[in-house]
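Remarks on the structure that follows.
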Amino acid sequence: MKLVVINPNSTQSMTDKIIASARAVAGHGIEIEGRTAHGAPASIEGHFDEVMCAAHLLREVREAETAGADAIVVACFDDPAIGACREIATGPVLGICEAGIKAASMIATSFSIVTTLPRSVPIIEALVREYGLAHLCRRVRSAEIPVLALEEHGSNTRRLVRDEIRRAVEEDGCEAVVLGCAGMSDLTEWLSRETGVPVIDGVTVATKFAEALVGSGLGTSKFGAYATPNRK
Amino acid sequence: MKLVVINPNSTQSMTDKIIASARAVAGHGIEIEGRTAHGAPASIEGHFDEVMCAAHLLREVREAETAGADAIVVACFDDPAIGACREIATGPVLGICEAGIKAASMIATSFSIVTTLPRSVPIIEALVREYGLAHLCRRVRSAEIPVLALEEHGSNTRRLVRDEIRRAVEEDGCEAVVLGCAGMSDLTEWLSRETGVPVIDGVTVATKFAEALVGSGLGTSKFGAYATPNRK
Amino acid sequence: MKLVVINPNSTQSMTDKIIASARAVAGHGIEIEGRTAHGAPASIEGHFDEVMCAAHLLREVREAETAGADAIVVACFDDPAIGACREIATGPVLGICEAGIKAASMIATSFSIVTTLPRSVPIIEALVREYGLAHLCRRVRSAEIPVLALEEHGSNTRRLVRDEIRRAVEEDGCEAVVLGCAGMSDLTEWLSRETGVPVIDGVTVATKFAEALVGSGLGTSKFGAYATPNRK
Amino acid sequence: MKLVVINPNSTQSMTDKIIASARAVAGHGIEIEGRTAHGAPASIEGHFDEVMCAAHLLREVREAETAGADAIVVACFDDPAIGACREIATGPVLGICEAGIKAASMIATSFSIVTTLPRSVPIIEALVREYGLAHLCRRVRSAEIPVLALEEHGSNTRRLVRDEIRRAVEEDGCEAVVLGCAGMSDLTEWLSRETGVPVIDGVTVATKFAEALVGSGLGTSKFGAYATPNRK
Amino acid sequence: MKLVVINPNSTQSMTDKIIASARAVAGHGIEIEGRTAHGAPASIEGHFDEVMCAAHLLREVREAETAGADAIVVACFDDPAIGACREIATGPVLGICEAGIKAASMIATSFSIVTTLPRSVPIIEALVREYGLAHLCRRVRSAEIPVLALEEHGSNTRRLVRDEIRRAVEEDGCEAVVLGCAGMSDLTEWLSRETGVPVIDGVTVATKFAEALVGSGLGTSKFGAYATPNRK
Amino acid sequence: MKLVVINPNSTQSMTDKIIASARAVAGHGIEIEGRTAHGAPASIEGHFDEVMCAAHLLREVREAETAGADAIVVACFDDPAIGACREIATGPVLGICEAGIKAASMIATSFSIVTTLPRSVPIIEALVREYGLAHLCRRVRSAEIPVLALEEHGSNTRRLVRDEIRRAVEEDGCEAVVLGCAGMSDLTEWLSRETGVPVIDGVTVATKFAEALVGSGLGTSKFGAYATPNRK
């Protein structure tokens, strides 16, 4: 089985991190292929960046399909262009927000999300509503850090994320925390240890859920909204 | 006041139709400027087409801003990339789905939507949910016609749309009908006459609502999700 | 076009203020006629006042209809008796709560409302739910001032409203604020300048939206709930 | 204990019917006092009629309070002016829609409502939403009869209601049916026998629930929205 | 009429308290029979305890049915196994959470709930959602006391409950408070006096509502989900 | 990794079928252990059966924990006692309804469910609401077959299920179908082939999702509702 994990922004160091997370959990005999949306913005911080990444992301999906991908993970917490990806894919396509919060809902009765910048909060809140889990989401929080600060060595971002998780537990009374950015993927284990609460990384669970769907014989439904795009 | 109405697909005849609808209702002294997303697909039928149009649409928004647009209407019923448009605009930006259904909710206690292809139905249903009007929307219906068939002279598309509106009134018990495609804009008057029920064209009401917001001194809020995109 | 703006309470100074706001934004050639619900309570603070105003409001609607009103604005944030007004009107009828929050939802992803007395908070919350925008409304707040205090010169009400707006921005993280009383209409510009955030006055946007609906050729649907009342 | 049951329209025969239903179930030692909103329209068919009844209804509530009412039932399925009644009452005030559907939700997992005219359907749907039971309400149906036809001897209205209940059971798969008009109160037993399904009369259950609340030592909360109206 | 009130845990002192509350409000000629689910855990604190009580509770329901119960109250705020009880009962079956919050919604526009342990909060939140009253429930609060502490004389639990109610009123702005544990039943009057706000005891209102449903001629619907269990 | 799949009823042939489905998809090196809730009813058809199974199910969960289970699947579509199972488990616990519909929501924009008896329909509808996917669930349908008929050789149950799936596709316009009973697990492949639409078996996807959660390093959160039961 071949799972393709696409970083929809153009920052290679983020792709490397994401791939490492996916490979760390991939099942026996499963190939993880990483792809970077070269040409896209360096990070996705808002709707505009999402759009500027989307066509590059779709190009990678097409190439992944051609190269025999069994499933695709889109590794950005805004779940950009997931519907479009599903239209051109045959296997399952998973965004890390959807995977992260659905995993949270399987192990806890409530969760909070900790993301990077405040401007992403309403975007994630809208996703949580559409995925149907607003009643379990205590709060979407921002650690007030730009996405690319997560790539800088020696920065104090990991401490800021940890402190925000601790506030989530204390103030929201949540039972689990979902990391709201693919760039936090490498911090998951450290954050779990530091905070004691289950910390969920969307990249990890999206990889495993994609594997699970393929293993269940399921691909994207071609009946209706996700049918192959019409020729003009 | 200058309102820019953008057709996010590349079909010029559709732009012409849309502009005509907007000009027909524009207030005294209001300039309507039409723009076509050249380079985009010829029509938007699904998520993939939306993405392939989006960057072209944003280019037109940027140019409209530079040319002094007071407000922008995006004339496709999927309301593609509205969040991104709002991030780079200063005045209000309105999609025709949002405008159409909010207008419907001001003159009726329920409405149905008649769109082109079945594959657009779930996309519109998700929009209606996020705009908060699912409880008033009796049904999203498809007339089973490709978008570009609306551009062909001598086709029977207008009759298919009319018949679907009649079914909506009879079967759904709706009090108004919203046209679910910008390409139906020129049929509004005829459809109203033929069916007797209020038929709402999103292009028309989006134009007037945009004018209304500007006239009220309102632009897109730059606090939060619609703030100008971050520099990387 | 003739728009009739009705103050459903009997305080003339409030009517004057409302009319001034409506006239300030009315389009070219649009006549704004003000009406006061003489005989009604001096202000609307709760359900009981709403009922005691309603028959007087309907009398004004009937007279406005006879006098050729193209559209009607009901200038009280509780949107009293809107359904009944729509039954006896042919043109559109807009309440200022509905107009205010729908305008907010077009320029921001979230908003808070600042009203007068705490007792109005649950009434407005119920309206926001029924209009379908509860998911975007961060909080309905009260500045703890009686409605008629807004009519007293030299009072510190405008400062109380401003301070509550500042708290809304800071504590709720909202992107826009809707004024929750017609009597705050004259403060809009000052409040916007003082707070920096988009401040939305329902009287203003209801006037412009009513104009927009008429300009789009739309009146109240007479199919169903808003049909002319049955003769007994 | 004294329960006052108010018919908010002016048709005495309907009051008589309602009082008979209330008396038939009143507990030991409970006095049922009937009141008619003289001066109100002869029936309530839509929002306009609701408003035209409301001030008369409130007058009856005030008089009932003065005369020592322990609780009040408003016997119209539109639950007109309930909030206002609660502001001026000290004991509990119950509408028959609220009582009817909450009773249904205690004995069944789903219900349908059968009302008189189609124009009342959206009004009742909005009530069901606000009372929070839309997820259990299969459908609000109309038997297509004017309210006052229920007062005519020899009419076939009871058969029309019965047939609509049978359709509700068969088509909606509902487990109980709520009668959507106070004027159907005298038919409850016959309809239950004819259809076999639990048929719920709002007048009956509102009477008993009002008695239950008083018996539990509860009155209308005077903290917040239902506080006594402010003096001007 | 015979109402059976079942304590689904095995603590007799709690049964005694519950029965006293029910008897204090029972109508003329109504027999209240108390039952204890002997063999069940001593208290219900979470899902596991609910399950361990359920079969014992059902045994008591069966016996109550055989002994001619007209209605049944299940006196635990988690409303354990209510669906199952309804399948094997002919009369109405009421849980005290459902009764308590529905009573609250009849006398106030909002309420908060004060329960015992934090772990019960998400369970009650889920019940409130399913009963359709989440929009009126300001907050579910825990007084941080184990259920059985309510049975200990000389403990300060009543003061802890009172203080939590006071915080609910102040911080949540709620108009009524529902007691979230059957074991608080005997404190209702004292808590009402101390806090001034309407304090609602589920045992009391469930008893009266059960009486009301029976008095209205209603039993559990045997059409659908609550039909008698199938024989295997 | 050891996954324990528990059949909460006592029918061994159903356990065998379930285990076969789980083993068919289990990843490399994953041990699937089947367990039957001996002593429980032979099938779960309604709330009563759920309760009568629950204590037996919990006993099996306890034993599975002792025997080192890494995760547990509860193979009944009513997801009985999942909260209680989670309280006494350390690894993830998944019900097949939750897994089935969450899988459906990852590959399609809408789904219908086909279950056995009509009485299970409202139970499943309530689950779908609580899991947050009611907006994507077109309809819960019953094939009108008792659960145990699925165990009889030579019966026409598989054809009845197939025909109901075809009706779901045609009438509901759904994009995927979820099988609403563990006993249909062995039919999945045949039903997919016969109907062409993605047919989702909850046993299969629950097994794979459980494996995915464990592989992601996640267990049931012990913060809050799913903490280990309190000692009395």
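Letters A, B, C, D, E and F mark the chains as written, and numbering starts fresh at 1 in each.
Just so we're on the same page, a residue touches a chain if its C-beta (ideal position, glycine included) is under 8 Å from a C-beta of that chain, and two chains touch if they have at least 3 such contacts.
This structure is a prediction, so every number in the text was calculated from the model and none was measured.
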item	value
Any chain in contact with chain B as well as chain E	A, C, D, F
Same-residue or different-residue interface between chain A and chain B, half as cut-off	same
More contacts between chains, A-E or A-F	A-F
Most widely separated chain from chain D, with each centre as the mean of CA atoms	A
Maximum centroid distance from chain B, chain identifier (CA atoms)	E
Distance between chain centroids, defined by C-alpha means - chain E, chain F (Å)	31
Cα-centroid distance, chain A relative to chain D, in whole angstrom	51
Distance between the centres, which are taken as Cα means, of chain C and chain A, whole angstrom	43
Inter-centroid spacing, chain E versus chain D (mean Cα positions, whole Å)	27
Multi-chain contact residues (two or more partners), chain D	83, 86, 109-110, 118, 121-122, 126, 129, 134-135, 173, 175, 224-225
Chain pairs in mutual contact under the definition given at the outset	A-B, A-C, A-E, A-F, B-C, B-D, B-F, C-D, C-E, D-E, D-F, E-F
Touching residues on chain B, where the partner in the complex is chain F	118, 121-122, 126, 129, 134
Residues of chain D defined as touching chain C within the complex	41-43, 45-52, 54-55, 58, 81, 83-84, 86-88, 117-119, 121-123, 126, 129-130, 146, 148, 224-225, 227, 229-230, 232
Chain D-facing residues of chain E, complex	25, 27-29, 86, 92, 94, 98, 102-103, 105-110, 131-136, 169, 173-176, 189, 192, 197-198, 200-201, 204-205, 208-209, 211-213, 215-221, 223-226
Complex contact set, residues of chain E against chain C	109-110, 135, 173, 175
